[in-house]
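Letters A, B, C and D mark the chains in the order given here, with residues in each chain numbered from 1 onward.
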Amino acid sequence: MGIAQFINPYVLYALLVLGAAGVGLAMPRRGTTPQIVGALVGALAFGLILLFMGLKAASTEGGVSNLPNIYFYIFSLIALGGALRVITHPKPVYGALYFILTVIASAGLFLILSAEFMAFALVIVYAGAILITYLFVIMLATQAPEEGQDEVLADYDVSAREPIAASVVGFLLIAVLTTMMFRGTSQLPAPAPVNQNELLASMPRKVERALLTTGKIAEGDKFESLDAAANVIIIKKADGTLLTIPQTDWPEEMAVTNPEALGFNLLREHPGTIEIAGVILLMAMLGAVVLSRKQVQLDEDAKAARVTQLAHLDPGNEPGVQSPLELGSPTSNPTGGAAS
Amino acid sequence: MNVTTLTTLAQANFPEAMSQITLAHYLVISTAMFTIGLVGFLTRRNLIIMFLCTELMFQAAGIAMIAFGRYHLDLSGQSFVVFVLTVAAAEAAMALALVVLLFRRKESLSAEEWKDLQG
Amino acid sequence: MILFALMLIPLVFAMLVVISPAAQAKTIATVGSFVSLAGAIYAAMQFDPASAATFQLAKTVDWIPQLGISLSVGVDSIALLLVLLTALLGPICVIASYTAITQRLRTYYAWLLVLQAAMTGVFCARDLLVFYTCFEFTLVPMFILISLYGSTNRKRASIKFFLYTFTGSVIALAGLVYIAYQHTQLTPGSPWTFDISTLAETARSLPLATQSWLLLALMAGFAVKIPLFPVHTWLPLAHTEAPTAGSVVLAGVLLKLGTYAVYRFVLPFVPQAVVEYAPLLAILCIIGIIYGGLICWVQTDVKKLVAYSSVAHLGFCMLGMFALNNTGISGSILYMINHGLSTGALFLLIGMVYERYHTRSMKELGGLGAKMPVWSTFMVFFVMASVGLPGLNGFVSEFMCMMGAFQASDAWGSGIWGSLGHRPIGATAGNLGPWFGIIAGTGVIIAAMYLLYMTGNVVWGKLKLPDHGHDHAHGTDDHASKLPTDLSTREISILVPLAALCILLGVYPKPILSLIEQPVQETVLVVNESGRVNMPVKPIESDTKPHAPIADAPAEPAARVVSAENAQ
Amino acid sequence: MMQALNIFSSIAAHAVASEPAAGVAQAATRTITQGETWMLAIPFLPLLAFVLIALCAAFKVRSKLPAFITVGLLALSFGAALTTFIQHFMGPAAAPILHVHAFDWLHFKAGPEAAQGFVANFAFYIDSLTILWMLFVTGLATLIALYASEYMSHDVGPGYCRFFAAFSLFVFSMSCLVMADNLVLLFLGWEGVGLCSYLLIGYFYKKAPAVAAAKKAFIMNRIGDLGLLMGIFSIYTAFGTVEYAKIFEFFRSGVDATGNQIGSSTWITIIIPLLFTIGAFGKSAQVFLYTWLPDAMEGPTPVSALIHAATMVTAGVFLIARMMPLYQADPNLLILSIVAWSGAITALWSATIEMAIFDIKRVMGYSTISQLGFMFAGLGVLTPEGSAFHVFTHAFFKATLFLGVGAVMHGFGGQLDLRRLSGVGWMKGFGLVAAAVFIGSINLAGFPFTAGFFSKDMILAEAFARPEGQIAGSQAVAWILLITAGMTAYYTFRSFFRVYVGPKQFVPGDDAELVDLGRHPKGVSLDAWHKEHGHGHGHGHEHEHNDHAHRHGSYGGVGDARAHGRQDFDPSTEEFDPHPPGFAMKFAIAACAILTIAAAGLYFVSPAIGEGGGWAAGMVRQSSAVVSAEVLSGHTSGTDEGHAHGTFLGMDPHHVMYYVSAGVGFIGVLIAAFLHGPKGWQGLFLGVRQSCDVAPRADKLANAFGPLTTAARNKYYVDEIYDALITRPLWVLSHIFHLFDQYVVDGLVNLIGALPRFFGKALRPIQSGEMHGYAVGMAGGVAVLLILVVLLVG
């Protein structure tokens, strides 16, 4: 049992070394770099890991039926590739766009995992809201290229910081994490079957509507109760008599949808956490407002840099005459910004 | 996602459990994504990219949680992703506000510019 | 209930001080301290002296019942006396600060009142954790008083004060919690409890080795606070840097927390170990007496001199305590009060001069007798009280402490201590003895040396005042010039009660001595019964010789003595 | 009060019940009666005076009111003492022991057992010894207060209040010391007189020497006090009580509270008396503890007269007399031998100093030490009667002498150098002073039929009469005392011949005490005087002690002195006239002198008990201070043949001693006249001195002794030796302790405190501020932790 149940550990570790080398190569560097090669090697490594896991799975009891379907492979490769691109692309804007790709691929994975609500929430919140904010900030915080000039990448974007060491640490972590997870996963208890009748009992309107639309009951009949033990729904008809509907007669429309189940889970199991999450969001909002309203000044180094920059751009202007401060913080000082 | 194979109607939208091997595949993906995020965080100097990397790690955690929830047929996994999403949003708001503030001061997004915050 | 009220009154007034305008802070604090004093006097009137050894005015409110922690208060006569001392010093400290503190008044007075509440809590506590909480909480106000209102080196002093005493008492806490743990272990099925008297019984039943470790742990905390010889160095620094009222509280009450804790937690908790190590502890006390005294003698800073003298004085106090007999322990308790009065007054006096001349150095000050006769009169008076002049308070307690050590010896009646062959009538069981009394007695001479050295320089001699050019640097000239040359009525009015008490306690200590007789007797019995297991108390009488009764003494020896004989 | 009475009556009953086998014949059981409450006035009236004067000070009274209060209330106190004496101690009946209880003082349990109670009350025990002391204490205090009312008049105001407050407090303390019914109250008085002595010596607090002297007196006294305190502890431990009545009963019965023979316990017979003796030595300035008393002469002269001559310094004698039963308990009388030897050596030692020094007040100071030596020797040779009588007579004649010196100081601007004064007795207004001083001098010198003669005689005779071996070396002690008596006569009349007779010449003093308070430190010796003026005024040549002969010409007469005063001294003394004492001073001096003369008569009052010695001896014999017959006859020493009387060169000392001591005294006086007397009858036709500062023969003699004279004039450098052997090392040790405290004790603490800081510093580079560094550390840490988990959990 353990790791060997899923993949040959030596193969895994060897492929992880390969992956580390690939990611390390793929990181941005000054000058010409084998970024593409590195990315390909990294992708190859991950692909091979999945391949070997599939091979192993096919050889164990249950065969290929244990394997996730084909969409899993598609989405996960897109997600990982996007992620790799996020961290290797020197331009932040592209990084953010690749991140959207990753998010969408992840949403696909969520769908496969029958988490529809979360899949769409992810796309809406992440791709729609958060990433857009990122893009705004990236635009705000990047120097626009001058007319006729190529975009100059900031120095800190061009070169990664100690990519080798980071890759080694990262892949060491993967090795250990996968080892741990395989070990743990192999010892997980079999999942217990779930009876969602209780959820249905909490939704009398839904049950009535479903039964009504399928014609099982008439207008005016009321849901009385759901006997979870006998798996029957008891309906109180308009004339007062009780009608028992066994499970086999339940219409498909009555099935509990993912958002419904998730809603019940959230509000029943985690009501306090929701409150806390709300407070966190509120505080974040307030914090963001307070922080961005704050007046700041350039510090000494930045001032000096700004002055030389201005002098360089407009030799006719004495740098000391026009206040660099006003130029430096247009948002914080609207009048100053307007003047410049 | 094979709805027609469901045995009971109540479980129509909640498929039967997946195997450990399937779960392992998702976990590998999650781990890989997490590590990529980590490596990015360690190597990139741009504050915004670093924050993007943390978002990647959140993403990875989310995948793992939903996969586990799926394995256990428990919706709490998805619930937690809701919270993770919330925290990520809050974090993004605060972090980006801070980044803007820092950028205004130094005209740079490099994390190394702020060494002197060490105290 | 009144005891809770005693703790709450200062807190409530502290709150009032905080929320009212700074100009009113003085007034509110004064009213608050006087209300506390009135409350303490009311409590004293409720106290029944006939059963002084039982804890009266007791009240228990559950706090954390799962852990057996409750807000439990109660006082015996000793705790009551110390509560009274605390309450008395309250108004004096507040009034003494009227002119000395000119900035951040609200913070100052609020913390002063909070400090008073915490100190009262220590003396009233009947639950270990209530005690410990209050014991530690006194550090916070004191830390703030020193670090905000002290003199030049105040930051260092306050940090040292805090860390030093805190480190010690954390070790003591470990010891105390260990006892509580042992209680649950030794009595199966019993819930956790932190009740002091219950734990005392448990601790007494522990073997000597365990008790010795516990003694070490407890003394690590309390000896720092007292302070005993090797762990005293925070005191001179803290005293010198603290504002006047801070020094008064520090000398008057805070040091007594340590001695009180020794009385309350060391003697009844680990009697066997105390008996075993009493000579060692007494030697530390004596080193403190002589060493501290000699260091005083070479000080030039008057306040530092008085601060070091506290080391010597508290050495006497603890010497009496470790004599483990009635004389010594009573003397020690009386010493706590007397030292609070006389040394507190000395700090007040030094503070008054400091307010006027902004120096405490004997190199710059001298011969103030010519310029400030009233101040000088008080100075000489309190110096004499501190020297231990009979008729003033210091003498009674010093006499009793030394005599306690002198009496407490099993060697009496043998060797050069007499060829009687048995314990003479005035001796008690113990392992100190005459040499301890005699060597400690040299401290009396040294006390005269350093205190008269100080008086001779500051009060007598040619008038010597600091240069006025120097004064301007302080920028407080205008403030200082508001004070009269000699003491103002306000200053006299805070010294007079102290002086009156010094005389009263020196001339008529009988009420207090009889008040503390019962609890002390109980403590001594506890120590003798469970502490002298390996060295039973020798009988006074010799078996062979006929007994010649003295007139006013009952003929038969106490029952305890008989049982000790049987044990042999 | 009732309870106290019960205690005493039960003690009495017990004492009767357990009459010891070895029965002390003479010490009959004394009954203790309750004294009248008004007797409390004796100690408490002076206290009332103190309180009233304190009020005067508080209300800033600027008149002589404090003096009147003091004199009045002290006189009342004396009246009360006298009434007590007349009512209870006059007449043929055996002297009673009166007990008066004021209030409870120290009551506490001294041990867990029921019998262990400590009782020391504010209660008074008045027996004949007590009343003997109280009579002269209160009487002399009244007279001297009267004297001081004029003497201190230059300082009316706060200083006046301070003086009389301390003065009254002193009398109260002294009364407590003497009248106490227990040792702790005695200790209160003991320390109380020390405090007052401290305050009064330091009265001229702006003068550095006065402050130093006050401090020295207090500290030296404290050394003795420690001995006394330990003695009290020991007494309590041994007997379970500190009350005289009970203690004396134990000694009378010979067994202690637990039925053991007292005499067999070395602790009780050797150590305890030794401790008490140390206490007595401290207070009475004996042997190694004497050095504070000469310095105490810095105080105002009335203080010297009362405290440092008549009363306080005799407290040691009182203590030993009071505890005489304790001292007698030792069969070998070891401690009494020590006392005798100490007294004799002190007497001789200080007499040699007196013969050399020039300061007339200090001569009196050393003389007091010397006479106290006599008293101690008297106690040592088993004549507490003689000692007490000598205390009594000495109180009067020494007070007279001091008051005379005070009048001279007062009159001549504080001049105390006997080389700067001559013929004072012939100056206007000083005749009475000279006469009184003459009376004092003949008493001190031991002229026949003076009080001093009789009292000294008793001691000398008893010293010679001690049987061989009873008191170790008592014959040697006696010879030393006899020689000292001769020296006493010499130095007494040396002062007299130099100062009061001869040509009228003087140099006014520049002393601060009376002319200008606190402006000049008073020169303690001629040396210092010369130095100060030599430097201060460019006086030119430095003087040695013995070359002052070169200067004598410049002080030809009063006028000359004035002229030189202008040149040499402070200009403010320009118009200096000696001002003679006024009425109050004259009255007090005269009264003291008359009382001194009258005291001689007491020798002839037949004592109530025992043979010879007069009234004072009788009083002592009726008190606990009496030496029992066994001890006196040497029975207890264990040797049968040891009890033969000692002899003086084969003669019975009791008979020949009158002639011997008178002869020795005469020789001393004649030598003084020969060396220091002026020409003519004033110098008994032996002297040749012609000016105030040159006595040719004396100077020649002093030169002949050379270094010895120098040493004696410098008090044998004892102060310097103490300084070098004790004070300096202690001072250095204190500094070492201080450094040790700062750098070792506190240093260790700081070191421990510095360790975390050190580690922090070492680890600080890790916190570079680079977020990546932290992240790498964190990730690596997690990885390492996980690896550990993987490997360990397996």
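As a convention for this text, a residue touches a chain if its C-beta (ideal position, glycine included) is under 8 Å from a C-beta of that chain, and two chains touch if they have at least 3 such contacts.
This is a predicted model, so every value here is computed, not measured.
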Central chain (distance from its CA mean to the mean of all protein CA atoms): C
For subunit C paired with subunit D, centre-to-centre distance based on mean C-alpha positions, whole Å: 37
Chain centre separation (subunit A, subunit B; CA means) in Å: 5
Averaged-CA centre spacing for the pair subunit D and subunit B, given as whole angstrom: 96
Separation of mean Cα positions, subunit C and subunit B [Å, integer]: 62
Multi-partner residues of subunit C (each touching 2 or more other chains): none
Where subunit A touches two or more other chains, by residue: 161-162, 165-166, 169-170, 173, 177
Contacts with two or more other chains, residues of subunit D listed in rising order: 772, 776, 779
Chain pairs that touch, as defined at the top of this document: A-B, A-D, B-D, C-D
Subunit D residues within the subunit A interface of the complex: 772, 776, 779-780, 782-783, 786-787, 789-790
Complex contact set, residues of subunit B against subunit A: 1, 8-29, 31-40, 42-46, 48-49, 51-53, 55-56, 59, 62-63, 66-67, 69-76, 78-79, 81-83, 85-94, 96-101, 103-112
Touching residues on subunit C, where the partner in the complex is subunit D: 160, 163-164, 230-234, 291, 294-295, 297-299, 325-327, 330, 367, 369-370, 373, 380, 384, 389-391, 395-396, 399-400, 402-403, 406-407, 412, 416-422, 424-428, 434, 437-438, 441-442, 444-445, 448-449, 452-453, 456, 459-463, 507-510, 513-514, 517, 520-521, 524-525, 528, 540-542, 545-554, 557-558, 560-561
Sites on subunit D touched by subunit C in the complex: 6-7, 10-11, 13-14, 18, 103-118, 122, 158, 184, 187-188, 190-192, 195, 198-199, 202, 205-206, 208, 211-212, 214-215, 218-219, 222-223, 225-226, 229-230, 233-234, 236-241, 246, 253, 255-260, 264-268, 271, 518, 730-731, 733-735, 737-738, 741, 745-746, 749, 753
Subunit B residues within the subunit D interface of the complex: 38, 41-43, 45, 50, 111-112, 114-118
